[in-house]
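Next, two complexes with subunit A in common: one pairs it with subunit B, the other with subunit C.
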Partner chain A sequence: MFKVLRDLLRYNKEFLLGTILISIILALIAASFFSPYDENAIYVVAPDMPPSAEFWLGTTSRGQEVFWQIAASMHNTLFFGIIVAFVSRIIAIAVGLISGYIGGRTDQIIMAVNDTLGALPNIPILLLLVFVLRDQMTWFMLAITAALLGWTHDSRLIRSVALSLRHREFTRHAVFSGMRTRQILIREHLPYVMPIVFFTTMNNLIWAIGLEVTLSVLGFSDINRPTIGGMIYWANAHSAMVSGVWWWVAFPMLFVVILFLGLFMLAMSVNEYIDPRSRLARMGA
Partner chain B sequence: MNGFLIYAAKRLLQFLFVVFTGITLAFLIAHFSPVDPIEQTVSLLTSFGSTDPQAVEILRESLRELYGTGGPLLEQYFTFWGRVLTGDFGPSLSSFPTPVMTVIGRALPWTVGLLTLATIISWIIGNFLGALAGYFHSSKLLKVAGIVIMALQPIPTYIIGLSLVILFGFIWPILPISDGAQVNLAPAFNWAFISSVIEHGILPALTLVLVGIGGWFISMRSLVSNIVTDDHVVYAELGGVRSRSIFSQYVARNAMLPQVTGLALSLGNVFGGAVIVEFVFNYPGIGKLLISGIYSGDYSLVLGVTTIAIIAVAAAVFVIDIIYPLIDPRVKLG
Partner chain C sequence: MQNLMRTQPLTLAENAMDALTIDGLKCYYVNDYFGVRREIRAVDDISLTIRRNEIYGIAGESSSGKTSLIKTLAGAIRPPMRVVGGTVKFNFADGPINVYAEPSKMKAARWRHLSYIMQGSMNVLNPVRRVKHAFTDFASRHMNLDPDAFRARVEAHLARLHLDPHVLEAFPHQLSGGMRQRLTIALATVCEPEFIIADEPTTALDVLVQQDVLALIKEVQMRLQSSVIFVTHDMSVHAAITDRLAIMYAGRLAEEGPTQAIFDNPQHPYTVHLIGSLPRIGDVSTRKSLRGKPPALSDPPSGCRFHPRCPIAIDKCAREVPAMLPSATGGRVACFRAGEYQIQ
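Let's look at the complex of A and B:
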């Protein structure tokens, strides 16, 4: 494991860049634990101060320091993404493995439902739900809802691998030696799909965080939990760009870009590492 | 031909199934509502001052049937379907007493126009550059283009849109950053209006294209770099076929097929992006309608837009599925 990481860092530029970018974000998140202010406190510093030695990234019109707000936001936003990715991975793995293992008509039906759910436009449905539930739509509920919407594509990928495992000799051995279906799926088949799961986790994380940014930018997320999108929402509500408080908008955007590029670079390089064909192409074969 | 009919029938079934599931989901969500939309809406409306009592009664009736209060659930479900099938969502609260469908009808052409154009442009550019990058994989220029395109792809639509607003609205103000056309121009078939529409559409469309291009680029590049090593391509090269026709007829033609299927699969997400873009640029489409409906607590409008969006996306997917056999002759043979 350690050796793989070292090789990746040495020979794969995308992985190196991704690691650096994500390290910046992780450092910020670590810093958020030492924040001098409560993440929801307002008017704790002088408002509208430009970036300076005292206030590194300036202060907002609501009297918060941009730096500490970004740190707390990154913490919340990434945590949201991890919950969504984790829950939706469980669904995707379960649906994919079961559908692929059973095969036949059941598989066809499950995949028809899968494709139907995947074809629905997520954003309008989520917005309708947020609208109807209003204040009862907590941050956690939103994460679970997003997870329920974000697994269909990946379960199809997992299922295509599981489908090929079904007729392999070791599966038949396991069946004849009396292993129960659940054991076969978890002990025998799960390891084979893990690379795909890992790769799709990165993509799902990107998708989930993007969704969170989108919803909170529109003002549809938990007001009592600072997020990157929420920061931009407040900046817009105070017309920050018009009144010249550009640092309130520019720095959150900058860090969103760092976060997404970092995750994307890692996802790309991990995918390349998993797929031997592209590794060969890189070596010039 | 028979093969095509079976294929089309399957697709139609899938289309109906998607619409059925989507509408049912919307119905269930609407019934979750912990607040009573009827009393809330009517009190909001009457607080505005004098209103036509008959129109208020129509609003009350349609809200009751859409969000359902009382009566067995199954009966409510059928009434809901009746409303959806006749396109009757009652009057809209935010532009009372105009019916929701009229409001949506006014906004729909903007969204359809913007989305169709932006989706087709990004699909063509992304696939073309991706195919070139996969075929000529040692080209420096294509590598640089690839890095730029791929760096834009993961960034949320909102951030790209906002960057363009800041860039072309504040730093270098050369393009309009709000509305679908100049506000004082009446919609008409003349150059002044059309040029204004085009001018206002550039930034929203550019945002969608910048976000959309990367996905096509990445998948097309990997598809092409796999096909290039296939036997039929190697054989064509050895047989002395010109590299231009190998690229277009032997490689790109084959790699295009999964990309068309991918286009159908991606439309739901593309629509989500359009909602955001319309919000950022204050574009008068149904995405902006949805968001302003939420802000103003317009229950019938929000449900109407959601339902129409579900049907419209499913219909667009169906259309792509139906024209797919034109580029993949294998479907016709069944």
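Let's look at the complex of A and C:
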């Protein structure tokens, strides 16, 4: 494992860059635990101060330090993404493996539901739910809703692999030896699809964070909880760009770009590592 | 006459020496699409008995129904394959099991009493898991041992089969084809089964490794005193290892008998051609081949299925199905003109 990581860092520039960018974000998140201020407190420092030695990234019009706000936001935003990715992975794995292995009528029904859900537009559904639920729409509810919308594509991907696993000799052997369906899926097939799960997790993370930022910028989430989108929402509410407080908008955007770029680089390099064909394509074969 | 044939294996079943009795077994691939029923008669009316402590070979060309037959008798069939008639009865040490009448008993007996080395068995090891997991997944449930004792048992078994216990920690791709094949045999025999079914276990191997694997199977069989069904299209392998041999043609048995007798004195015209096609050292004459090709099992010829290609066919062959009758050489043969044909 460590040897693989070392080789990836040495030979794969995307992986190196991705690791560096994600390390910045992780350092920021680690720092958020040592924040001198409560993340929700306002007017704790002088408002509208530009970046300086005292306030590294300046302060907001609400009297908060941008640096510590970004640290707390990154913490919350990434946590949101991880919950969405985790829950949706569980659904995608279960649906994909069961549908692919059992096949027949079960497969048809599950895939009909899968494709229907996949065809639904996500943002309008989330907006509708936000309007209906209003105050009950906590960030956790939002995460679960996003997770319920974000598994369809990956479950199809996993199903396509499970379809081929079903006819492999080791599956037939497992059936002959009397393993139960659940045991076959968990012990024989799950390890096989893990690389795909790993890769799609990162894509799903990017998608979930993008969704969260979109909804927050529009003010359709818990605006009192600091998130990247929430910061931009407050900056807009205080007309930060007009009044020249550019650092309030620019720095959150910079860090979300760093996060996206880092995750994307990692996903790409990991995909290349687990899929020899793309590695060959890059070598010009 | 037909009646006599039916009763013969049944009376033999009382004999404690019989490990497996198949009676009138029919297993078809049945497709039922849009009201049109298509049957592929892969196993059609096969009766045979296999004794304890013998290696029974099944030979035949591709698509003659060899694998379908042994899948059926192992109870490992899946739709669209369906047993249409007949019985399969194993006679294990702790009681007989009728495969299709007692599915739960059969399920418990698999691997413990009956193991199956499947076709393409080099790939039965999961490519993403270490070899030891295959042993725990497939075999440990049938042995009731705690993990340490199980591990010790597996290592002892591997050592007997001349395999280093370190292979348990390897992934399948780190092993050679021959090693994987030997591991598969180890996996199938670790529970010391009374009955082993081996489907083409040597097909993908070169002759040297083939020799190794054959010796290994023979060794295991001798030690466990078990019965083995050995399926392959390679006649030289049959000559090397089997005690009795059955020749299949188009889903039916053509001939069965002691291996030596089949090679020395084949009775069925198909067997005569099959044996005649084998190369002999020093003999440079061209081998005579049969005209035509094996029939499609979805629409087999009437009567004897071999009659359209048979050089000595008579009118009766097209009308009546020949029964398996005792032959002059101590086996059984399904031919109205058994023993009359010879290649010049």
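What to note about this one:
By definition in this document, the second predicted complex is superposed on the first by the 280 of 285 C-alpha atoms of A that agree within 3 Å, B and C clash if a C-alpha of one lies under 4 Å from a C-alpha of the other, contacts with A are read in each partner's own complex, and residues count from 1 in each chain.
Just so we're on the same page, a contact is a pair of C-beta atoms (placed from the backbone, for glycine too) under 8 Å apart; a residue touches a chain by one contact, two chains touch by 3 or more.
This is a predicted model, so every value here is computed, not measured.
In the superposition on chain A, contact of A:Gly178 is made with subunit C only, not with subunit B.
By the touch criterion stated above, A:Glu169 is placed in contact with subunit C alone, subunit B being left untouched.
Of the two partner chains, neither subunit B nor subunit C is touched by A:Leu205.
Contacts of A:Leu28 after superposition on the shared chain: neither subunit B nor subunit C is touched. When the shared chain is aligned, subunit B comes close enough to touch A:Val249, but subunit C does not.
In the superposition on chain A, no contact is made by A:Ala71 with either subunit B or subunit C. Subunit A is touched at more residues by one of its partners, and among subunit B and subunit C that partner is B. Of the two partner chains, subunit B is the only one touched by A:Leu128; subunit C is not. In the superposition on chain A, A:Gln136 makes contact with subunit B only, while subunit C stays out of contact range. Across the superposed pair, subunit B and subunit C touch subunit A at no common residue. By the touch criterion stated above, subunit A contacts subunit B in their complex at residues 112, 115-125, 127-134, 136, 153, 206, 210, 213-214, 217-218, 220, 229, 232, 241, 249-250, 253, 256-257, 260-261, 263-264, 268, 277-278, 281. For subunit B in complex with subunit A, the touching residues are 14, 17-18, 21-22, 25-26, 29-30, 32-35, 137, 150-151, 153-159, 162-163, 165-166, 170, 222, 225-226, 265, 267-269, 271-272, 275-276, 279, 290-291, 294, 302-303, 305-306, 309-310, 313-314, 317. Looking at the complex, you find that subunit C touches subunit A at residues 74, 76, 107-108, 110-111, 116, 118-121, 123-129, 133-134, 137-139, 141-142. Of all the residues in subunit A, the ones that touch subunit C in their complex are 168-170, 172-179, 183, 187-188, 191-192, 194.
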